[in-house]
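We just call them A, B and C in the order they show up, numbering each chain from 1.
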Amino acid sequence: MWIQKTITLKPQKRGFHLITNEIINQLPELRDIKIGMMHVLIKHTSASLTINENADPSVRDDFESFFNDVVAENKAYFTHTYEGSDDMPAHLKGSIIGFDLNIPITNGYPNLGTWQGIYLCEHRNQGGSRQLVITTHGQ
Amino acid sequence: MWIQKTITLKPQKRGFHLITNEIINQLPELRDIKIGMMHVLIKHTSASLTINENADPSVRDDFESFFNDVVAENKAYFTHTYEGSDDMPAHLKGSIIGFDLNIPITNGYPNLGTWQGIYLCEHRNQGGSRQLVITTHGQ
Amino acid sequence: MWIQKTITLKPQKRGFHLITNEIINQLPELRDIKIGMMHVLIKHTSASLTINENADPSVRDDFESFFNDVVAENKAYFTHTYEGSDDMPAHLKGSIIGFDLNIPITNGYPNLGTWQGIYLCEHRNQGGSRQLVITTHGQ
């Protein structure tokens, strides 16, 4: 059984945002899968997806601080600058963090750890709505 | 054919550890798959998984040194500090390295390169046992 | 329907290279898949794969500059040095960026965003030809 759909996330400000429920609520089809996999691709190059702690929002604040520190804007060697100072760092953060997730499905639900949640990592100041392609497959 | 199981890794000290055999030895089911995929998720947010050189242990030592350097403890801007100075860096290292692996299966074995092995990246000082969900699928 | 094949990429100099077409042109089988997934593994530990902007080559130049800056050669703490000063940084860049890609297939084509392309990230000065294992599965 294959299911594939495109969903649109609500716009978020620059930063790291917990979107586990926003995704799962749009996937009632998962309930019919006993064992399988779910793949989520974000169809952009300046926003990314990761898994991390789903409890304390301070973790997500520190993610934003850290990535702004290590992948700073206005590096002297940047040449791709005409889309704004947040653009090239956004591309780099995206490839460091990654643009997709693979999550096992067990008895109709994502089989994540107790503390694991899905983050939308919005790297642009004005990223707008982001599109995900979700492909699920299982039995 | 879908197979899914949860396995527990033996505890490791903070650092990078080659666990290819520890995983494969727990997956005799792979032998029956001619073409397929194997997905491995670590169900934690402060330990991660990667592929890298399976030969010289000095590579794994240098991984630990590098990540401790770039994702240093006690950054002035960290606010998520109450779980210990190794906690927030562990979350960040996890999202940089990643929490899962997808490995092709060919004729009953993981189809990795000659020099590729699976690393458990233990980012906490006292991480304890780590759980993996392994989902294999193929024909 | 499972298809698995190994392809060899043409050698590239150190840096980031757009290889979307080089891969897709070797996968006429995709045309028969209505919904599915494509997995690409690079069978090496000093070259990696990512998705990023497929338009302006300055993005790829800045990737090379950034990773050479943050994962610099000749770090004082590196002990794995006998394969050349570009070797240990190559291993690290590989695990930061990742060695595989999962791409959804829709109606015979990779379902990537408008601006998304596949990058070969060649981290060695003399990397030579790189091998990919490509596994596709769908209906």
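In this text, a contact is a pair of C-beta atoms (placed from the backbone, for glycine too) under 8 Å apart; a residue touches a chain by one contact, two chains touch by 3 or more.
Model, not experiment: these values are computed from the prediction.
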{"item": "Size of the rotation, in steps of 5 degrees, that lays the CA trace of chain A over chain C", "value": "120"}
{"item": "Chain B against chain A, contact positions shared by both copies (same if over half, else different)", "value": "different"}
{"item": "Gap in Å, rounded to a whole number, between the CA centres of chain B and chain A", "value": "20"}
{"item": "Numbers and ranges of chain C residues touching at least 2 other chains", "value": "70, 96, 98, 102, 137"}
{"item": "Touching residues (chain side chain B, partner chain C) in the complex", "value": "35-37, 50-53, 56, 58-59, 61-63, 65-66, 69-70, 96-98, 101-104, 106, 111-116, 119, 137-139"}
{"item": "Residues of chain C defined as touching chain B within the complex", "value": "2-4, 39, 41-45, 70-71, 75, 77-80, 88, 91-92, 94-96, 98-100, 102, 131, 133, 135, 137"}
